[in-house]
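You will see chain A twice below: alongside chain B first, and alongside chain C after that.
Now for the complex of A and B:
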């Protein structure tokens, strides 16, 4: 990218060298196009198949083309009740997914900013102890303590509630760690200046630190929203009532409908629901790419 | 902690309480509970449990199926980690080099990050569908009948392929950002020194990428062990049978399906120790990395 200037000035060089560079460029682009195609193709085929009726997939598998059932399938996927109890439609799952994604992202950001603020900007007893208690949680993902976590939620009677769905997922220090690193990079003169001006900790946090962290908050929000939306194992355990299912949780139902039923499964509708499930996080990541990449790559420092 | 810090009698406590409460209830309590119940043999009909010490662990290590699953997990983790790192690196190096279309390629190669593992699993199911899945048909061209869900090796292959597909983007993003942070002066010096592009990569660029690669190595191992749950569950259609599965999936199967609490807890604890070792290793590397920069 940056080297475009150099290569332009290098142009009047020996012929042999130029041709060599050209071949290299062709190879580079071929590799990248092949890679992009590998990434895109499975999803592209699924989108195409979601425009066909159920027979097309049953007979010939994924379709390469376009048919006339697109609107009908998406309509069915979003509004027609399905599932074992016949109470769940795509819209309900969509809103559950949104609640999980937003609730998780907002909750995590608020809680971890508060904790990180306390750890970085306050001098108090037990500071080191709190730090270690919080950061030990980085060591163990939810998956390894899944069964006892489920039992705790069950003993609180929180199964099939949004609280039970969201709060245990917040119990890791990734966000706190991220904000701690960022706060530590904020120049120390700012606190001193604020204190000389007579600003207390609350004023400093709201008027100076939060505005400074805007980009970081946005980046964290995108990453956490996608993470929350894409949760599978935890919602699978915690939600047994179909009215509480998220879209990603609903994938399990799609796959079971593909195998269980005696009639031909509604493949077109299933494919449509799959696309609906992946669309929101994909769009967010694509449109807010620069924030997202920044948040992701900064967090490991 | 900053040198210029606030002091306040209760403010820091108030700020920390939400995080600490959640962590105590949903992290420490379950973790301790897992450890405790791994020493007990649970009565399947009630609450009673008998203390059996390390027996659950001994039973596991003598269980042929558990050993087979452990072996598969190692193979699975190694293949997923190796190939997704390799693809991610190749794409990043190329995307960093091209002048035209760089940002389009970047978007095209990273968006799959946002696809949930079970969704990736579902895409895999339709691509490997028995009889007329696209990849099944490609195998059929070479005269091989590919049957996911029946043939152990075929199922393993499909799972690994899907898990790699899902993981390439994140490696790509990190490698690309690592490459772009290599100072221009170093690159130009390397260009002047000349040598083949291949040599230049292995002697200059790769060593500079090493910290990123180490970080990603751990991330990928963790991904293969835990985040692939969705891929596996969907590809097995929740019917494990004799199919390949990872240790994490086995914890779930035994704990929730088989109701074998003690055994499942012991498996959890083994995984905990594994992750703990990995993370400590990672922290030490990061520490060393800070000394470099």
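Now for the complex of A and C:
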């Protein structure tokens, strides 16, 4: 009884204090809203400009408003063959980008999981040493080794192939590192229980380690897919046939090819293609977001 | 169902650490053996050597009549229950139990029958579709047991399976495990550092210290006839009181700083000894009589069924365990140490002196 009385008399006070606190939340939120507006504004401008025809952009630059060319521009961007040879449309580039992104992500995950598995579970000589060797390749990103990489791919005749596009980028020190840390946190007893249950190395990997790592795999997949999708330098080097172009490299190509012929570049279509390029990574992050957070913060044990 | 024999088993780690010294042990068919000792005594290593999770440096290990030194754990016909249960977190209870059988290419029907049989025995029927994370500690422990049972192995190995449970559950699971083992009649080796588990569960206890067997015996033998100072002070709570003393050739015991406390019937041994007496064998009175010794009372621990009277005998710490009905006498206290309840050990080797 006594406590309920005191809490009742305290109530208005607490409420008043709460109202004061609310000012802070207002400030917090305005900062956040301002920040996201700032981040979203260029995207918004791009979307809006993509509804104008090329002349509007050539005359007045980016547009803040809405025009009637939206569907036409997107239609063109996706389905109208363009480019120097006139053989490539947006859909081809989209599928090329998807193949690159998926191949890149899946390949990286498979390779780095297997590498981490070997390093953590098989006590071969120099295991730690080889891990650090792998780790130091972080110091050698593609940009540093681009000439030798190109030489190798070119001498194998792999230019303008998906293999040439994906394989040189697949080895991943980051992936190996993350999976190594994760595998090391898997209790030793689980391995032993599996050994007693008659699971060999391959069975243990497939039946136990892979299912345990699924949130981790999802997180890696998102990072790697977006990373692969956004590759620009390597596809530019390795693909010379327009049929192999990815979206990221195709945007520039659309604008450039028209510039060369002294016409006004198809800015509206270019903007539309930019938006199309952004969509798949955004969708993947949106759909896998909860997995992503889970994979990086908690382990399923 | 099988007997197990360890012959001169040795374990030396690559870094030179000698974890297990030549260990001989014959385990009878259906026997429940408890390996007990302080942490680092090599008991877990020994168990893991039997399981095949650690290599055997030298010696022979036989399970049934098979020499299994070089066999993989999966081929040794054993099942193991781990301290942290080691359940597969992504599998249901059913699959956790079935996994080992599936790997052995047993037919679906047989697996189903085995798993349901084990679940019946362990009261896990309602939980077969759950994940380990949705179970309580005791239930997880049961699943771990179930995983061992379904295989119908020749030998169960337990590696401190109860130490992650709270005290109440531990008592309950202790009884459950023991009953289950009796029902199945499977030979078992159980590692623990908890002497209560050792005493209550074992057919025979193996006391290990620093990689060596100190004593093998039934719980009663271990308690009443400890073979060494180590066993005497390790088994029993509160531990046995130990007094520095000398034994002269005639069997008279002279405690340092106290004087004679009695004489043994006959023993050829003479020299420095350690004399032990269980706290519950000591009698307290407020009259000096016979060979009893002045006892300096310091404090008392009330346990309900008993009370522990802590104090000193001469300058040595000494504990007396009084039954709840026995009051602490008034006035100056004297402790009498009945000669027939004394344990005498050689001071330098720690070995029991035959009386």
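As a convention for this text, the second predicted complex is superposed on the first by the 248 of 301 C-alpha atoms of A that agree within 3 Å, B and C clash if a C-alpha of one lies under 4 Å from a C-alpha of the other, contacts with A are read in each partner's own complex, and residues count from 1 in each chain.
The rule we apply is simple: a contact is a pair of C-beta atoms (placed from the backbone, for glycine too) under 8 Å apart; a residue touches a chain by one contact, two chains touch by 3 or more.
Please read all numbers here as calculations on a predicted model, not as lab measurements.
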item: Superposition on chain A - do chain B and chain C clash or fit; value: fit
item: Touched partner set for A:203, first chain B, second chain C, both or neither; value: second
item: Partner chain(s) touched by A:29 [first = chain B, second = chain C, both, neither]; value: first
item: Which of chain B and chain C A:115 touches, first, second, both or neither; value: first
item: Contacts of A:192 with chain B and chain C, given as first, second, both or neither; value: both
item: Of chain B and chain C, the chain that contacts the larger number of chain A residues; value: B
item: Which of chain B and chain C A:281 touches, first, second, both or neither; value: first
item: Partner chain in contact with A:159 - chain B first, chain C second, else both or neither; value: neither
item: Partner chain(s) touched by A:212 [first = chain B, second = chain C, both, neither]; value: second
item: Minimal inter-chain CA distance - chain C and chain B, angstrom; value: 7
item: Touching both chain C and chain B, counted on chain A across the two superposed complexes; value: 192, 195, 300
item: Contact footprint of chain C on chain A as seen in their complex; value: 187, 189-190, 192-199, 203, 207-208, 211-212, 214, 300-301
item: Contacting residues of chain C [partner chain A, same complex]; value: 51-53, 72-74, 78-80, 82-84, 86-90, 99-100, 103-104, 147
item: Residues of chain B defined as touching chain A within the complex; value: 1-8, 11-13, 15-16, 18-20, 22-23, 25-27, 29-31, 33-34, 37, 87, 90-91, 94-99, 101-102, 105-119, 121-127, 129, 131-134, 137, 165, 168-170, 173-174, 177, 184, 187-188, 197, 215, 222, 226, 229-230, 233-234, 237-238, 248, 251-252, 255-256, 261, 264-265, 268, 271-272, 275-276, 279, 286
item: For the chain A and chain B complex, residues of the former touching the latter; value: 1-4, 6-7, 24-25, 28-29, 31-32, 35-36, 38-40, 42-43, 45-46, 49, 57, 59-62, 111-112, 114-115, 117-124, 127, 130, 133-134, 137-141, 143-152, 167-168, 170-173, 176, 184, 188, 191-192, 195, 200-202, 204, 226, 229-230, 232-233, 236-237, 248, 251-252, 254-256, 258-259, 271, 274, 277-278, 281-282, 284-286, 289, 293, 296-297, 300
